[in-house]
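Please read through the structure below; I'll follow up with questions.
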Amino acid sequence: MPVRVRPRAPSDELMIESMEQPDVLSVDNLNVWRGERCLCRNLSFRVSTGEALQVQGQNGSGKTTLIRVLTGLGRADEGEVRWRGESLRRNSEQYRASLSYLGHSNGVKLGLSPRENLAVASALLAKPIAHNVDVILDKVGLSTHAELPCGMLSMGQRRRTALARLLLANVRLWFLDEPLASLDVAGVTLLIDMLKTHLSGGGIVVFATHQVMDLAPYPVKSVMLGTSA
Amino acid sequence: MFVWFHRLASPPFFYRFAEKLAPWLAWLSLLVILAGLYGGLWLSPPDYQQGDGFRIIYVHVPSAWISMLAYMVMASAAAIGLIWRMKLAHAVSAAAAPLGASFTFLALVTGSLWGKPMWGTYWVWDARLTSELILLFLYLGYIALNHAFEDRRTGDRASAILAIVGAVNVPIIHFSVNWWNTLHQGPTVFFGPKAEMPPNMYIPLFIMMFGFMLFFAAFMLKRLQVEVLQRERNTAWVRELVGQS
Amino acid sequence: MITALIERDLRLAYRRRGELATPVIFFVIVTALFPLALNPDPTLLRTLAPGVIWVSALLAVLIGQDSLFKTDYEDGSLELMLLSPITLEWIVLLRVFTHWLVTGLPLVILSLLMALLLDYPTHALGTLVMSLFLGTPILSCLGAVGASLTVGLRRGFMLLPILVLPLTVPVLIFGAAAAGRAAVGDTAAAPLYFLGAMLMLAVTLAPFAIAAGLRISLES
């Protein structure tokens, strides 16, 4: 951190801000207990722009829990998670504005159509959307089904609606929990394509999955849960 | 002094502290209650209207008082536990709830027993008894919610919210029940500060209230010890303690 | 943003309108049970009408709380609301409001029909409707507090009434008193004012409790 020896001038502000806030998600000595079980013991890692982190582990090892803790939804018992130097415990609006989450459940209302679901998602973003909704729906392959209630769509199509949500705005952090679930081969290709585009733009991806995903040339760090850390 | 208070938040330190203090409080409360009972049951004269039946006031009023005190303790500890994330504070809440509920129940039973010689029925919808009844439901709701969660911490935090919401509501409930009671001019079980109470009646009453408070404190410490042991059962200090005995 | 969220809730409600009729039907059935269980003598019914309508409305609002957060919890939408940069308390307030519009407001309107069934005097109908109009939102807020705490529980629906009913006693007392006083020709101003005050308190404080409850419920 730069040592301030004179009053800040406006140009200093910019310089100090960019030096104090690199886009890094850092985790230090994270301990997560659920009931009697310790899911996470003294876990530490860092993920920066353009990097992906894969959370691996067997069923029930706590992958979902860890992802949720990183988004701020779940509760950590000890340790710190920091984004741009600021701890998650402060529950800041800034953090929530910087992330997108795709959980086990899609977060898709079955009573609404994909287009309407995206309308809700963009309302919740609280900022103008970066891309045209029609373009997004086309990219995820839902343009023909955009007006049908999601209850009438297949599981894979509902998953694609959820994927479309990720494309609404340019957020730095993507948290994906079992993103490949319900996707067919074309869907998997779509997802990997989306991830690579996101990483190339300086984004960060944290995902939990059993399968190995090839995101070359972007580095994929790995965290293994369930074994003694 | 403040440092010592801070250390009290650590479960093992608290456990040892409670172990030492509880017996003193328990014996002291026994003495004070006996003194109060002597004053109330022997020394004070029978009421000119109710004869000896009114003497149940010496148990009824302190129980009702403690039942409300316990709720305030429960809600305050809940707030402390939520704001400062103190595990021990949540243990205090969880320990206070069944104790407070028991005192509420005692207040209801003694109030009901008082009602029989006074009004001929075991239950009257008097303002205070009705408030106590609702308080009992609030306690039961808290206990039910606390035990409904698999993860104890989540259960603690959820029931903490309920306790705080309940605490905010308690004055409103009291006020509305009082208002409702005046509307229908129901009978009043407790001839409160409005009526004159001679010193040989209210002194034993205050002694009993003090004795009940000591009893509550002693009992709380003991319950807290059990709660702490249960919650910390996987830690080294508990294993050591249990291994010793 | 506000219109988008309200639109979402109303659109979903419209498409599930069968489900949302449950509290309303419950209200009608429970009210009808009282004359069946007691003497259908009109004078008796008239005395009981304010209390009966109010108790039925209270229970009906509680029944309706299940649909407040449950579906959103199950399909993952609730998590998205918690992760939105928008202050959760606002989102929650809007949600409770739209929920009241589709479950509480119909009760207020239908109370006119119930008043008819129970021979409630017509000159007092305005006060009855006013008492329910002020009271049902308070009940919705209190129910939502309970719903936020029990949403993650498997049998939370059965626990909800136990948690919420004691808290609703003041609303019941003032609401029924307002309707009762108006029925006998007295002024119902005092209880209505109290209801109004409680409504203000509920609307300003409940969102904080509900949001805290949701965060805690979704923690694990």
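We just call them A, B and C in the order they show up, numbering each chain from 1.
Going forward, a residue touches a chain if its C-beta (ideal position, glycine included) is under 8 Å from a C-beta of that chain, and two chains touch if they have at least 3 such contacts.
Nothing here was measured: the structure is a model prediction, and the numbers come from that model.
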| item | value |
| --- | --- |
| Chain located farthest away, centre of chain A as origin (C-alpha) | B |
| Chain whose Cα centroid lies nearest the overall Cα centroid | C |
| Chain centre separation in whole Å, for chain B relative to chain A (CA means) | 48 |
| Whole-Å separation of chain centres (CA-atom averages), chain B against chain C | 32 |
| Chain centre separation (chain A, chain C; CA means) in Å | 37 |
| Where chain A touches two or more other chains at once, by residue number | 34, 75 |
| Multi-partner residues of chain C (each touching 2 or more other chains) | 219-220 |
| Touching two or more other chains - residues of chain B | 151, 154 |
| Parts of chain A lying in touch with chain C, wherever the complex brings them together | 34, 65, 71-75, 93-94, 96-97, 99, 101, 103-112, 116, 119-127, 149 |
| In the complex, chain B residues that touch chain A | 150-154, 234 |
| Chain A-facing residues of chain C, complex | 1, 4-5, 8, 11-12, 15-16, 74-77, 79-87, 91, 218-220 |
| Interface residues, chain B side, partner chain C - complex | 82, 134, 137-138, 140-141, 144-145, 148-149, 151, 154, 157-159, 161-162, 164-166, 168-169, 172-173, 175-177, 179-180, 183 |
| Chain A to chain B touching residues, read off their complex | 34-36, 75, 77 |
